[in-house]
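This is the structure, below, for whatever I ask next.
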Amino acid sequence: MYKIAILGASGYTGAELIRIINNHPEMEIEVLAAHSKAGLRVDKVFPHLRSLELPTLIKIEDIDYSNIDLCICALPHKTSQEIIKRIPTDLRIIDLSADFRLENADDYERWYGNAHKALEVQDEVVYGLTEFYRQEISGARVVAGTGCNAATGQYILRPLVEKGVIDLENIILDLKCAVSGAGRSLKENLLHSELSEGTNAYSVGGVHRHLGEFDQELSKIAGRAVNIQFTPHLIPANRGILATAYVNGNYQAVREALSQRYENEHFIHILPSGETPSTHHVRGSNECHIGIVSDRIENRCIIVAALDNLTKGSSGQAVQNANLMLGIDETVGLSLVPLFP
Amino acid sequence: MYKIAILGASGYTGAELIRIINNHPEMEIEVLAAHSKAGLRVDKVFPHLRSLELPTLIKIEDIDYSNIDLCICALPHKTSQEIIKRIPTDLRIIDLSADFRLENADDYERWYGNAHKALEVQDEVVYGLTEFYRQEISGARVVAGTGCNAATGQYILRPLVEKGVIDLENIILDLKCAVSGAGRSLKENLLHSELSEGTNAYSVGGVHRHLGEFDQELSKIAGRAVNIQFTPHLIPANRGILATAYVNGNYQAVREALSQRYENEHFIHILPSGETPSTHHVRGSNECHIGIVSDRIENRCIIVAALDNLTKGSSGQAVQNANLMLGIDETVGLSLVPLFP
Amino acid sequence: MYKIAILGASGYTGAELIRIINNHPEMEIEVLAAHSKAGLRVDKVFPHLRSLELPTLIKIEDIDYSNIDLCICALPHKTSQEIIKRIPTDLRIIDLSADFRLENADDYERWYGNAHKALEVQDEVVYGLTEFYRQEISGARVVAGTGCNAATGQYILRPLVEKGVIDLENIILDLKCAVSGAGRSLKENLLHSELSEGTNAYSVGGVHRHLGEFDQELSKIAGRAVNIQFTPHLIPANRGILATAYVNGNYQAVREALSQRYENEHFIHILPSGETPSTHHVRGSNECHIGIVSDRIENRCIIVAALDNLTKGSSGQAVQNANLMLGIDETVGLSLVPLFP
Amino acid sequence: MYKIAILGASGYTGAELIRIINNHPEMEIEVLAAHSKAGLRVDKVFPHLRSLELPTLIKIEDIDYSNIDLCICALPHKTSQEIIKRIPTDLRIIDLSADFRLENADDYERWYGNAHKALEVQDEVVYGLTEFYRQEISGARVVAGTGCNAATGQYILRPLVEKGVIDLENIILDLKCAVSGAGRSLKENLLHSELSEGTNAYSVGGVHRHLGEFDQELSKIAGRAVNIQFTPHLIPANRGILATAYVNGNYQAVREALSQRYENEHFIHILPSGETPSTHHVRGSNECHIGIVSDRIENRCIIVAALDNLTKGSSGQAVQNANLMLGIDETVGLSLVPLFP
């Protein structure tokens, strides 16, 4: 049994990691750390985990790493880099924050507003979009979990850019995002009274931080600068991202690019012609469902993708990457059937 | 007091008409008709209307029109045209169905799949988007209430097409629609269990019927065929449409076109720079809020509009049009402050 | 036009007061005050009020009372008494906090944990349950708005205790409460992620503060100590309280007591035999719906009441009381048809 | 691998059985049958099961039972008994309908309104409340899965009646029930528009059918007729039952009765003093959480229990019973960590 330490266990991605790893046949949770909740039993922070046998939450500075096979950090960005630079340099790490997703420190500072303080770690980092960095992740010391929106969008766009089947100047991504993506933070707009029964756009106009990842990754694939339009919307739901992509390209070519790319992927499902996905149908699972539709206007396609932001978009991805890093079959522990209704 | 007959009073738009007209100082509800519920008191169909003094529901064929100043039909399409052709031809009518929205009978048949059976009425019809057909509506015998999605989108797009400030080949409208737009119909996908806590696209690829209205209206303005891309999404909320439009055009020109067009409109509000609207903030009101944002990509704008599909998108629009038709000030009875939270 | 000052306009009851008073034909909002939001336009705090013409928020200490006919305080308890004792003593006040609901200062301290600091005001206070203190409210200088849960329960219980038709030793009140009752406060359990899609009891075992009101009022009526059992539950909805009362008494006597008591009340509706109410059907209105059912066990009745906590349970009650205090017909401005769906 | 047939696989309990059994290490799904959906792949009925390898839905009459180790019937009551009487009489069966829950045919007819047509099967039936019929279930040919409400209430009440620590004349059970308990049926009150954002009581006054189970079971334990009061309420959530029980009895005795009874139970958790459960924290799991609180009134206790109606209340219970019937450890396949948020 590989021993896992979870740093930042009191947030939603922390809880989701516990949910998944607790049932993983080859991993066990050895350490749970969380700053402000240190000293508490997990069920005081997450009563839904009451029946599990779990270590008590400790302070991050009190972790004994000698026994740990892999660290997963579910900490806020900026904090995460400070912590990770102090973890023993031979320990393998998956970081779920934004701190190591951008290769270029200037890009990081531009999107996140603070300087990168752990550049020495950055060199060892692999971007954690499993299906596209599988081999690198297997050998990586540090894996940067992707943004949940960035993952959803890239599952649609990467194969299309790779195959050159769409116009790179006209890529629009309209996202509908559940609220858990914002974490367990006390903000007025996350209150039930403010959020239920309505929807709104946010970070409109190309200012959402996940664009840093899109820019980096799509440009790398295309070999030229690719800038997409990206508008997220908050919907009254707790889990799930639905991405609607508008692209210019031939429908058959688009469908073929996506179908071929994912035909051997365990967790990515291209829906039959005529079907589009729903976030209802991926809840709690590590699956991504993708539907492709031809518009009435020639050479335009709409591609819709759905995944659970906390699972495939974050903690499920982390476990999938952890499997690779530890030499376990990639799908182990991730047979999470969607919870419906 | 003008006497109003509501035909099709057992659906959500019927109930919304009752809610509004009940408090209207110059109208009173004289007749409520509904096919399958005829004979029932309204509170048996809508317990929330329990405290109002309302006529009992009667059959449509039993209506005595002699006393009526205006009919509002909130019937399903196809049924509506059958009923309306039998209403006395000197009576003024507002129809909320799709039956008279499209001027061209072939267009109607193409989008709705059935032949137009009341062409003699069609000639007297004015399209009911108040702010753009005000004068024609005032004198019309029959007004065709717009589709709720079509209204929301046109509030964004019409001024832009009129002023010629956007590229007509690249108009994308991504809608997030609350479920009451689908009516009080017993369909599996409208069940709480199937709908709450998730979202999905529907009618993807240019097949939603409201495109007939967009095509007709925008092409008329442009003087050439204008086809937009339009993807609606169902969100877990009961009221509200949020439309996110992606257009190519200069931000200042776009903002100016919209601001100028609506500066004297009572119910359409252009938000200050930097703000975008939320369906939370228009619930139950006759308001439409529009926010305009410049994308990071040059010459691209995102425009977001929010309205309540049952009010401004349907029954509120109907009362606004009824005011015009009856010579009442357009805003009377429509000071409906949004209900929040 | 009577000029109203609202102190504490940035919370939900403040917003609800604005919604109602804005459309009131004999009142106008002269002052809006709020501590931390002073200086802001109302739409910065409540975007749903964007289209109204309202005074800018000011500091409470900057209010010029010379022009004001009535103050409504929608402030937190403890703060409220501090503010109210400094308001000119000839000004009429409705206080929505808990600070003046309990006549006895010891009771106040016991339930609220802090000493009563405005005993000089307490002597002038009338308890604000309109239907039972109508005459006193008309002449009162200060009216203490009731707790929303306390109002709902009393609408069921008062007539039964008055008529002596139920066993005073066995009164159980099980409440299902929407979240806006907790205000616009940043608490983890009020986040959408924590609250939607589930329910839980809180303040279990007779510790909820509104019991102070039940004890005071029911004991006063009975002429002896009456203690009820009261368990509130938080449900995933924004507005509404559903109270289910379990009492021992003859069904006919119970129904008669309630029917007779409310037959001339404008806002309280006893449902026909066989029907029970729903919070869906009172949303945004000043109505209370009450259904009465005989249990299969002899001499047991279940009474269910529904009202909107922000309207009839708080701000609607306040306006109803304000009407009385200002000599306006009690129902003016309160023809708020429930918003459904 | 034991081979399982699921009859009635197109409802929510059917889908939940598939979710659980699909990951069960000692069971496999051999047959999925459903009347109206026969011939369809499961993902056409339940898109969330898209990624599973499952047999195509067949007609119930086409099932080949020769290969089957256990049948689970998730059919509507009345239909279920017709089907089950035609299943080979040596096959072991778990029935999730109400058809075999009541031992006495008259009771069945009284509560369900139709005659019992499979009395020959009834003799072989064991009531499926695992923790109380463990041994009988192990040897039973037919197990009648309990009503979900009946299970929740009995988890609270059985130990108290067994130990004689509460007054049998004053037992009140107030339930808050999520909508999936009503199944995937097209009823107006189950629409999102009718249900979300509000709550109401139903089957008030002792008429809910699950009372048949309470009467039977509690009377059997007490050795005398025990009738409880029971009021269910529909809450806007998809999964979960919260039962609030009001009983007269000594707090310590009540807590002791419950704690002792469940101290060795894997799935039933008595919460520490001062805590009460939430349906949020059992979603998708086979757990039942129970909190016990002393009321301020002497000798009164409030006990609150939470479980997921589709899991512990139905399909999880079925798998737990199937484990017993097949000689598998009772907890196998049921380590379903609650999904939160």
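So that you can tell them apart, the chains are marked A, B, C and D in the order they are listed, and the count of residues begins at 1 in each.
In this section, a contact is a pair of C-beta atoms (placed from the backbone, for glycine too) under 8 Å apart; a residue touches a chain by one contact, two chains touch by 3 or more.
These numbers come from a predicted model, not from an experiment.
Considering every other chain in turn, the ones in contact with both chain B and chain C prove to be A, D.
Comparing chain pairs A-D and B-D, the larger number of C-beta contacts belongs to A-D.
Mean C-alpha positions place chain B and chain D at a centre distance of 45 Å.
Note: centroid distance chain C to chain D, computed from Cα atoms, is 39 Å.
Separation between the centroids of chain A and chain D, computed from CA atoms only, is 36 Å. Residues of chain A in contact with at least two other chains: 12, 180, 193-197, 236-239, 277-278, 280-281, 283, 341. Across the complex, chain C meets chain B through its residues 12, 15, 18-19, 22-23, 46-52, 180, 196-197, 238-239, 267, 269, 271, 275, 277-278, 280-285, 287, 289, 335, 337-341.
Interface residues of chain A, counted against chain B in their complex, comprise 170, 172, 174, 176, 178, 193-202, 204-207, 211, 227, 229, 231, 233, 235-240, 242, 244, 246, 276-281, 283, 291, 293-297, 300, 302, 304, 306, 341.
Across the interface of their complex, chain C is touched by residues 12, 179-180, 184, 186-188, 190-197, 236-238 of chain A.
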